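Have a look at the structure that comes next, please.
As written, the chains take the letters A, B, C and D, and residue 1 is the first residue of each chain.
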Amino acid sequence: MKVKVGIVGASGYTGAELIRILLRHRFVELVFLSSRTLVGQPVAKVFPEFPQLKMNFVSTEEISQIVTSNDVDVVFLALPHDAAVEYAKIFYSKSIKVIDLSAAYRFKDKKVFEETYRIQHPYDDVIKESVWGLTELFRDEIKKSKVIGNPGCYPTSISLGLAPLKEIKDKIDLNDIVIDSKSGISGKGKKVSEDSLFVEHNENFYAYGLPYHRHTPEIEQFIKLNFGIETKVTFVPHVVPMDRGIFSAIYLKAEGVSEKKVFDIYRSWYDKEVFVHVVDEIPQTKWVSNTNNCMISVRYIERTGRLIIFSVIDNLVKGASGQAVQNMNVMFGIDEREGLAY
Amino acid sequence: MKVKVGIVGASGYTGAELIRILLRHRFVELVFLSSRTLVGQPVAKVFPEFPQLKMNFVSTEEISQIVTSNDVDVVFLALPHDAAVEYAKIFYSKSIKVIDLSAAYRFKDKKVFEETYRIQHPYDDVIKESVWGLTELFRDEIKKSKVIGNPGCYPTSISLGLAPLKEIKDKIDLNDIVIDSKSGISGKGKKVSEDSLFVEHNENFYAYGLPYHRHTPEIEQFIKLNFGIETKVTFVPHVVPMDRGIFSAIYLKAEGVSEKKVFDIYRSWYDKEVFVHVVDEIPQTKWVSNTNNCMISVRYIERTGRLIIFSVIDNLVKGASGQAVQNMNVMFGIDEREGLAY
Amino acid sequence: MKVKVGIVGASGYTGAELIRILLRHRFVELVFLSSRTLVGQPVAKVFPEFPQLKMNFVSTEEISQIVTSNDVDVVFLALPHDAAVEYAKIFYSKSIKVIDLSAAYRFKDKKVFEETYRIQHPYDDVIKESVWGLTELFRDEIKKSKVIGNPGCYPTSISLGLAPLKEIKDKIDLNDIVIDSKSGISGKGKKVSEDSLFVEHNENFYAYGLPYHRHTPEIEQFIKLNFGIETKVTFVPHVVPMDRGIFSAIYLKAEGVSEKKVFDIYRSWYDKEVFVHVVDEIPQTKWVSNTNNCMISVRYIERTGRLIIFSVIDNLVKGASGQAVQNMNVMFGIDEREGLAY
Amino acid sequence: MKVKVGIVGASGYTGAELIRILLRHRFVELVFLSSRTLVGQPVAKVFPEFPQLKMNFVSTEEISQIVTSNDVDVVFLALPHDAAVEYAKIFYSKSIKVIDLSAAYRFKDKKVFEETYRIQHPYDDVIKESVWGLTELFRDEIKKSKVIGNPGCYPTSISLGLAPLKEIKDKIDLNDIVIDSKSGISGKGKKVSEDSLFVEHNENFYAYGLPYHRHTPEIEQFIKLNFGIETKVTFVPHVVPMDRGIFSAIYLKAEGVSEKKVFDIYRSWYDKEVFVHVVDEIPQTKWVSNTNNCMISVRYIERTGRLIIFSVIDNLVKGASGQAVQNMNVMFGIDEREGLAY
């Protein structure tokens, strides 16, 4: 038996990545791909990399009205944040499971979402049902949930990097975290603007999003969930002239720890995970390209008392569409690896 | 004494390159930079790479009305083709010299322009005065001219590659020329569209512009000028994921020639030129990056009777702004090398 | 039941790609990975992108001595040409099937190999058994064969692009073919030299391999096989600053044809193929990245009588390791798509 | 009158950049280029980008023996650290000025050099005469010096970024500095190794050099010189898949400061400098490519009390050869800008 899947708003980079993954998934039937702007167009014309996909885009508005839970078991929302607020509600009301790749259902405290994204969010009932979908940490909740707020790309890399520190949280200063992250350009999405042209990014590197990038509160929410404390982090994202990959360097003050001890904790923490790999060498983004893997390494700089966590993912896979499918697998009792390279 | 220069429509990549070159030019005074869309903005805000440039963009429309030949000796037009048709006429009428980087004044037969670019061209008088500005071949005409139609990037690389064959034109088949050219992405200009995003070009290579790229008639006009014959060429341009550079491979049938003989002809033809270098090795685009150089090499494939000419330039320099300044130098009796790397 | 597979000489880019593909293949058991230089090292240390692969490299020399056809059904050889000559013989003598990714078994006329690669080839018996493994054209022979000479990357893209012209071979001039191909840098392999450093290729484009690249006779052998004629082609390869992808533009003189007619022939020829796609738009290398697909389009330039075939593949997949696995699938009666993205 | 210049060990990327700059310098005569491995070869063959340079490489060993201070006024050393120790001594003893691009003369305390680079340094007399050549900060000393230890690329970007904080040093915690720097690949030099191949860097990003990169003590020496305190910094360098550029993000704890106030201090500090630009926007590496500029901006993150300094340079220009020429200009009383883009 196959899971019947719809992709809502499938025209961007995360939509394409979802298609790529689901085409390889043996237990999925792709029921529809919808778009606001591409209605009626053959998918293979919009995405020439999928010549074997014989479907046309349907209207997001129409399909959301006529589809029922008999037609489709789960929808992935690859929509702008404001549209996702609404469509999640619509599909949820039809008892269709929702995996939302936007930020609309990532926050338990809706005020944080509303202030950060400047969008009203009237659906407390759906928020209440939703789970922040970092699979490795919230697998049990995800299994039972009907609405997944799929994590942001930066927060995924950073949260997986920070989580095991729970075991030595008294030895690190959680009030003094500096996170310097770097992302491939696909993280900007397919929005057309002068500063996204090839020539503007090629042979160029820079920081952006200051003083307060929108992923900051998501990271801070994770810290509260994981460590039980409220804190504020300094988070600076940068763009790297490459398609894919996130590299996060997390700087913490630590005392009374040793590099070996921290490695042991990380290895033990992720021992059972198929997608998270603790490695000796500082990981490189290319090592995880096109896979759902996260690779983590640690260094302790004795002379300055700094613990540095390095965490890399592919922003389009573990940072978006791959983790979304991993979550779907969890929700439907399928082997987590199905469809995903690792 | 300094040449007083204005740049009209200075907001694109060729405009930036003009500024870069002219800032280094010891005998130029930059009088104004104009734009339609950026009026009033500091140049250093639009082009942060020129922090020392303390000027604001003026209105193209206004400046063209008020400026006189006392204020400015020459204007560079970095405008869309249709606007260039008009503004060249305006400045020409004021006895201000014009170096037009668009296609508006590249064709002696205005019908070719009108059909290729689908723009009406009413100014036969200006066309009559204009010279197609491939400096190495038309230096004498350029010296006396008031209006330069600065050549296209592809035609520059190809014409310099073909010119010396005039000496053995009876041994090559000019009716059977295949030209396979490859360009860096800056050749597309700064126009914003989905297919110009970083992710669309990075790690990608493709051909475009078929069946009839707009530079084809310019190449054919050159062949007529140089060889005295009317012919049609097969010209296929491609884009390479890099900022700058054009690489043209020109395939010709040839009989009764030797590689050595062709090399001798090329070396002798360009012997006196400072910017054109005939080299043993097949040239690489990076060898001419950020310079006004053109490098050429030849190979004769005996087993198939094919003569191949390889010609490389930097599309923004010798293929556009560099050659424009070279032409200005010629027009004003300045050493051709002034301001230009070589 | 699973096919027991060994990879001999697995330390380069094609070796890594074989591993990547076979890790996803449901009907394969990876029995050994061998290397001359990495004996005893964990595979996951050499290829950090495969953290889940718990094997060490074994010695190529040793394993070739002790292994029997009970242990392994097929070996992939990812070796230098001279070593492949020998090891193919060794495994063949043990009744183990061989898929050789080098040039050693690509030529029916061994003199062509010996002259082109300057290596002696004493094993006529193995050559006699071998098949040139362009799957789409020689599927029946491959099915029965014990030794596959897996085609070169350029010849794969070019042969698939030329094959359907068989149907109109009287209308094209097969004695006047110009092929201008462009390849990503992984095609150079992992050999260390100054001219393969990042800075030497980045922001650079050039031609190489003239006057006579080693893939030329392979292309000419294909033409003889497909069209039944002996001819010589002009073949010029170039390198593009990107990891993967081959783009071939094939220029032919043609009379009495129409673009539509040629499209019809191509579509009909490849109608049943899962990996070859005839597309309206000129294909881009990125459309086939990381897949075993070949995409082909055609243009007929009426004004010059030139037919142009555009053919793109991923050089590491359809151009090497992917096609090798496709051939293995054919040899063992497995669905051709197994393990391969398409 | 021209300064007579020799370049010793001119075959790498900094050597090429020196040539590029000096070819444009109006008051320099290039007397010789030397190399250990390229003796007798035409420079234009090794560096095809300089076709007009009609010189052959001479032997470093020979030229150092025969040359006198009549022949040459200053030599640039672009040598390995150990060779630079020796050759600086040799030329110094001949009363020829030395600008050393290696680390050999960057440290006043020779033990730091000896321990960091594991090279003996017997020449206390030359060290005593030498000046660490960060032009903007040590211009007066440079003017009178005979031996310049040209700063490392990372230390240049970081020191220029930190220097003005001297004015508010009581408000920042100099014992808690985290520096996350990113460099283009040319920073690795031209050394051939598997991990420097195009495919290893392209589409890849990673950190290296931990726990203690060799530029760390140079940064700490600067802090001592500038702030008068001994401290230890956490410095993590990364590589970006691009040719040129360094981007340093410097994280400091600060209290009682405002972003505006810090901007004012920086603007005032660098007011007279032609190459250092304090800019509103976070600077991008491309803004300084191929120039001797350093661009700096600051952000104060109020919610976490973090002051962040962003500083960008071109590692081959201001980070190496450009600053070396700037120092030469200072030493010989030439306008600092001569030969340099800004």
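Assume a residue touches a chain if its C-beta (ideal position, glycine included) is under 8 Å from a C-beta of that chain, and two chains touch if they have at least 3 such contacts.
This is a predicted model, so every value here is computed, not measured.
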Legend entry - Greatest separation from chain B - chain, by CA centre: A
Legend entry - Selected interface, A-C versus A-D, where C-beta contact pairs are more numerous: A-D
Inset, instruction - Determine the centre-to-centre distance between chain A and chain C, using the mean Cα coordinates as centres, and give it in whole Å. - result: 36
Legend entry - Mean-CA-position distance for chain B and chain A (Å): 46
Legend entry - chain A-chain D separation of Cα centroids, rounded to whole Å: 40
Legend entry - Multi-chain contact sites of chain D, meaning residues that touch two or more partners: 200, 202-203, 241-243, 283-284, 286, 289
Inset, instruction - Mind listing the chain D positions that touch chain C in their complex? - result: 13, 185-186, 190, 192-194, 196-203, 241-243
Inset, instruction - Could you please specify the touching residues of chain D with respect to chain B in the complex? - result: 20, 24, 48-49, 51-52, 203, 274, 277, 279, 281, 283-284, 286-291, 293, 295, 341-342
Legend entry - chain A residues within the chain D interface of the complex: 176, 178, 180, 182, 184, 200, 202-208, 210-212, 232-234, 236, 238, 240-245, 247, 249, 251, 253, 282-286, 289, 299-304, 306, 308, 310
